[in-house]
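Following are the structures in question.
Each of the two complexes below includes chain A, the first together with chain B, the second together with chain C.
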Partner chain A sequence: MERENRFWRAILLALPLAVFAAFVIWPLASSFYYSFTDWNGFDPDYDYVGFDNFAKIYTDKLFLNAAVNTALWIAAAIAVPTACGLALALLIDSRIPGGPVFKSIFYLPICLSAVVVGQIWIWIYQPDWGLLNTVVEAVSGERFNYAWLAKPDSALWSVILAWSWQQTGLSMVIFLAGLTTIPEELLEVCEIEGARALQRIRLVVIPLLAPATVVVIALNIINSLKGFDILYTMTGGGPFNSSDTLAMHMYNESFKKYLMGYGSAISVVLFLIALTIIRLYFRQLRKVDELHG
Partner chain B sequence: MADMAAVPEARRRFSPWPAVGFIVLAVLAVLFLAPTAGVLLSSIKTTRDIALGALWTVPSELYWGNFAEVLGNPAVHRYFANTLLVTAPATAVSIALGSLAGYVFAKLPFRGSNLLFLVVVSGMFFPPQAILIPLFRLFNAVDLIDTLYPIVIIHIAMGIPICTLLMRNFFAAVPTALREAAILEGANEWQVLTRVALPLSLPALAVLAVLQFTWIWNDFLWPLIFTQSDEKRTIMLGIVNLKGQYSVAWGVQGSLSLIASLPTLVVFLFFQRYFIKGMTMGAVKG
Partner chain C sequence: MIWLNRRGLLAAAGVVPALVLGAPAFAQDGDVTLTHYFTGEFGLKIFNEQVAKFEAATDYTIKNSPIGHEDFKTDILVRAAGDSLPDVFSYWAGARTQFVVDSGSLHPIDDMWARDGLDDVVAKSVAGSATMYNGKRYLVPFNYHYAGMFYNTQVLADAGVTDMPTSWDGFLALCETLKEKGVTPIALGSKNRWPAQFWFDYLLLGTAGPDYRASLMSGAAAYDDAEVKAAMAMWKELADKGYFAPNANADSWTDASDKVARGDAAMTLMGTWITGYWNGLGLEAGKDYDFFPFPSIADGVPVSVVGPVDGLVISNDGGNRAGAEAFLSYMMSNADVQASWTGAYGALSANVNVDPANYNVVMQRVSTVVAGADNFAFNYDLATPPPVAEVGLAMFSRFMDDPSQVDDILAQVAADAAQAFKE
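Here is the complex of A and B:
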């Protein structure tokens, strides 16, 4: 029996593991390897340069700029979609008619591609007839044509807002799933004991949502690190690199300047940040598995 | 989602102000939909109207010229065909491979299989940049740049984590007694998988089909790296490229975005249940 099991394990796992190893694990390991080389993307040959690429990170002003922007994006990712998703989930979960319809509305952007979300928000920020400036003009009564995406001061935050719009629905459904696991009896007891709605939310519901919150935050951070498509569509990292992130900087160094060794070093940094978050996520995964079975 | 529909009365007593809550939610929903409205409205207006600042008003008459322009553009047809050529096989094969691996992790665990499972699932969260350069070098070396093959292969590989995770969770719920009964009657593992476990896991297959289809259809990065000529572009890359051609034809850009999103919108509207289930089953990716 055990011999047969071993046979079937090998047969069934062979193909999926081979594909995964060849096109995910091996390239990942190779990224570490190439980060110690000066490969230029064309020549089959390259030289081993030790830690030069990582030393360059410390002197590369554009890297620092991209790292700061990535940190800002992560901070926004922790706060904005999480808070909005939680608020929406609590509202929808309370005694409000039309809950499922509202849920669909807030969830809808998740099925759109980042490219289309970018396009949608370009319409908002368009200086001459975009919604934002149209509203500002209507309120102030004066001509207003600030170019949100073309100004270094506002480009990054404008993209982050668009990204948060899409991310909010995902946070919301995870919170909604978390809410279904809170025992009814507990909330009934609270009500009998005279706790008001806000007290119940603050003292009972939110603490019990802790595992869902960790999952939401971890996912938002991971997705912010992956936030390349929407940035590429909306600003391309500009103007003057003001909205560059590590993912965009890596792309530019590798596929615009063909510094693939240096690009690999940046991707290694990105991966190590992601790995920290993945570990945090997995520590909570068991609890979440219990939540959603 | 069945358990969500069954939220009983006690939970619904949660908020004392359903009416206020409804108004708050309705206002938020309108704000939330406003961005999308812009693209919808632009697609049925003339460039002149939009330039005159009339984008955000309800149109007095519908202008279909933008859609005609997009649908009549042979490049758009090609982008759609290419996207389908990538999405269909990548979706099918990643689900098939995930089913194989998920079955072993659920029904034939072995020493170290949990760790292996974690390694595979963690692949779901890798930033694509972390595997980009070696894959570029690989496919360059075998002369597959500017074909659709690398994109299909990478989506299969990158889809294995989520497919394995979901299939394992579903297979774990298939009663072990069923497998043992089938084996006693002389079935082998392959027969148990294909005739017992898979037919019982059709919802999981539906969830995965919906998720994988949407992600692969919407993908931008891999075609950006691996295709160069217009003949090989997929739709999301095509949108970005056509923006140059239609630089001030905002209405055409709007209808282009709309048409490119139509397949995933339709899937979403009809299979939303599966969508949300997949996203919340600890199988969350976005």
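Here is the complex of A and C:
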């Protein structure tokens, strides 16, 4: 009986493991391999170039630009959807009229694909008739046709705002789940003891939301590193690389300049960054678990 | 009962994907796999009709996978990297095809060309430059385009313009007249960068000539040469005088075309596919829109026309070479297919048996202009190797964002292009 169970366990595990090996492990290993070559993506013949591709990273201005943009995106991912998600969760948890309806509305963007979200925001940012410029015109009374996605100063932040809009719903739901773990009695005691609403939030609610906060921040960071599709839809890294992230830079070098070897080296660096962040996340999660039992 | 330990489990996990990935994608004898970029505004419906004609005339079935024009450029590379190219795919003649030929991914079609007598079908002017690579033939020119100045006839008539400019001074005067009348002279949609390249092509070809341009495209000349600076200075003059509609980098080519169609701008420098797009919107050739050739700039410089050639090529990965050759030969040789396709798509046919009367009045005159030109040049991103084209295309959108930075832009591009040529 035990042997039969083991057999079925092995079979059932082998299939997902096989898929994982085929679509994650194998491409990952291939990227490592090609990062040491000068392969152009088409040619079956290529040469081993040692660490040349990694050395090139240090002199590549566009890589530096993409790394800075990625760091900005991560910083914004930690701050914006986390803060907005928390604020919305607290608002809905305070049992405002229509709370469940608002919860569904705020969660809706996360159900949309990044391409759809990107397209919605392209319309919002459209310089001649987009919602944003129309509102600015209505307020200022003057013609305003700033091209948010076509200007290097605003393209990246415009995409980050659109991405944060989508991501906020996810943060909100996780915070709402975290709020259900806070005992009602504790908050009632605080209220009886004279703590005002903001004090209750600052001194009781936010500290007790630490496990949820760690999950939210980690998910936001990981999703920011994966934020390729919305960027591809909205700017493609442009104008002239101003909104490039490391993922977009890797894509451009590999598939537009046909430098697959160099693109693979960038993907290896990106992988190591993601791995470091995930390790930090698990370490932090363990600490929080220990602290909160 | 079979028992698997951890090692066995990992082995099984390795074997299953190997079996899946290793299984060759056998097509049936009659199936020909095809991937192309003739999608959406680039003629998907009419292309499918031509494919259906081939299927009706032969025993082959086309397994058709169209991909969006912009996405195609990278998707085909992904498939090449995975050794999973289709039997046949569309591709742009010139440097892009050269790149794929150099990598050994294409099957030469010299035997098919000779067997099916394509020498007597394909116009010599196109056959020479578009089909031959490294001394062999690899591509059939399914159609070709020409980039010209397409305009809204009503807008120009309302501005009192009756004669179209043939010289640069005349062109500047036209722009000034339109601007004084409150009309934006030129729409440019450079969001996807490539629509801006025609400006660079015509200004450089019209001032420095085709030989210098060929040197620049091959890396023998540099982007900070006086010739390039002179061409860019002329482009800058247009921008400085406010002749371009604002926010060019925010618009796609269809956005710019829509501006002209609506009368928000007077004209746009675009390929002949714009005629297919406008016809689809219900505009009438010759009545609602027309064109004039890019004005000549310097005396003694050969007259060049610029455009891409859309080709069909056969991959080395494909399993149905006979079917692939039959498809290429049919689509190129069949005058009915060529006439239907080019007439609706807004392109010119390289098939000498296609009656020019098949074209609408605008395309008939386009055909005459192309035939009378001294030189047919591939547009920028098909004339220089793809990694260099990336550098140049970025230059065009950066220039359109801030033309005052032209000197810095050219200095940077000169260095980046030199590096790209080395790689």
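Following the convention adopted for this analysis, the second predicted complex is superposed on the first by the 272 of 293 C-alpha atoms of A that agree within 3 Å, B and C clash if a C-alpha of one lies under 4 Å from a C-alpha of the other, contacts with A are read in each partner's own complex, and residues count from 1 in each chain.
Criterion: a residue touches a chain if its C-beta (ideal position, glycine included) is under 8 Å from a C-beta of that chain, and two chains touch if they have at least 3 such contacts.
Predicted model, so just to flag it, every value in this text is computed and none were measured.
Trainee: Assess the superposed three-chain arrangement around chain A: do chain B and chain C clash, or do they fit?
Mentor: By the criteria stated at the top, chain C and chain B clash after superposition.
Trainee: Look at A:K257 in the shared chain and tell me whether it touches chain B only, chain C only, both, or neither; answer first, second, both or neither.
Mentor: A:K257: touches chain C, not chain B.
Trainee: Which touches a greater number of chain A residues, chain B or chain C?
Mentor: Between chain B and chain C, B touches the greater number of residues in chain A.
Trainee: Identify the partner contact of A:R143: answer first if only chain B is touched, second if only chain C is, both if each is, neither if none is.
Mentor: Neither: A:R143 stays clear of chain B and chain C.
Trainee: On the A-aligned overlay, A:L17 touches which partner chain: chain B = first, chain C = second, or both, or neither?
Mentor: Both partners, chain B and chain C.
Trainee: Does the superposition put A:W26 against chain B (first), chain C (second), both, or neither?
Mentor: In the superposition, A:W26 touches chain B and chain C alike.
Trainee: Choose the clashing stretch of chain C with respect to chain B from the list 6-14, 42-50 or 60-68.
Mentor: 60-68
Trainee: Determine where on chain A the residues touched by chain B overlap those touched by chain C, and list them.
Mentor: Common to the two interfaces on chain A: residues 4, 6, 11, 13, 15, 17, 19-20, 22, 26, 41, 44, 128, 251, 255, 260.
Trainee: Give the list of chain A residues in touch with chain B in this complex.
Mentor: Of all residues in chain A, those touching chain B are 4-6, 8-9, 11-13, 15-17, 19-20, 22-28, 30-31, 33-34, 39, 41, 44, 88, 91-98, 102, 104-116, 119-121, 123-124, 128-129, 131, 134, 162, 165, 167, 170, 173-174, 176-177, 180, 184, 187-188, 191, 197, 200, 215, 219, 222-223, 225-226, 228-229, 232-233, 247, 250-251, 254-255, 260, 263-264, 266-268, 270-271, 274, 277-278, 281-282, 285, 288-289, 292.
Trainee: Flag every residue of chain A that touches chain C in the complex, lowest number first.
Mentor: By the definition above, chain A touches chain C via 3-4, 6-7, 10-11, 13-15, 17-22, 26, 40-45, 126-128, 145, 147, 149-152, 236, 238-241, 251-252, 255-260.
Trainee: Under the definition above, what is the set of chain C residues touching chain A in their complex?
Mentor: 1-4, 8-10, 12-14, 16-17, 20-21, 73-74, 77-78, 80-81, 99-100, 102-105, 191-193, 246-250, 386-387, 390, 394-395, 397-398, 401, 420, 423
Trainee: Using the touch rule from the top, collect the residues of chain B that touch chain A in their complex.
Mentor: Residues in contact with chain A: 3-4, 7-8, 10-16, 18, 21-22, 24-25, 28-29, 32-36, 38-39, 42, 50-56, 97-98, 100-101, 103-104, 108, 110, 118-120, 122-123, 125-138, 141, 153-154, 156-158, 160-161, 164, 169, 188-190, 193, 214, 217-221, 224-225, 236, 239-240, 250, 253-254, 257, 260-261, 264-265, 267-268, 272, 275-276, 279-282, 284-286.
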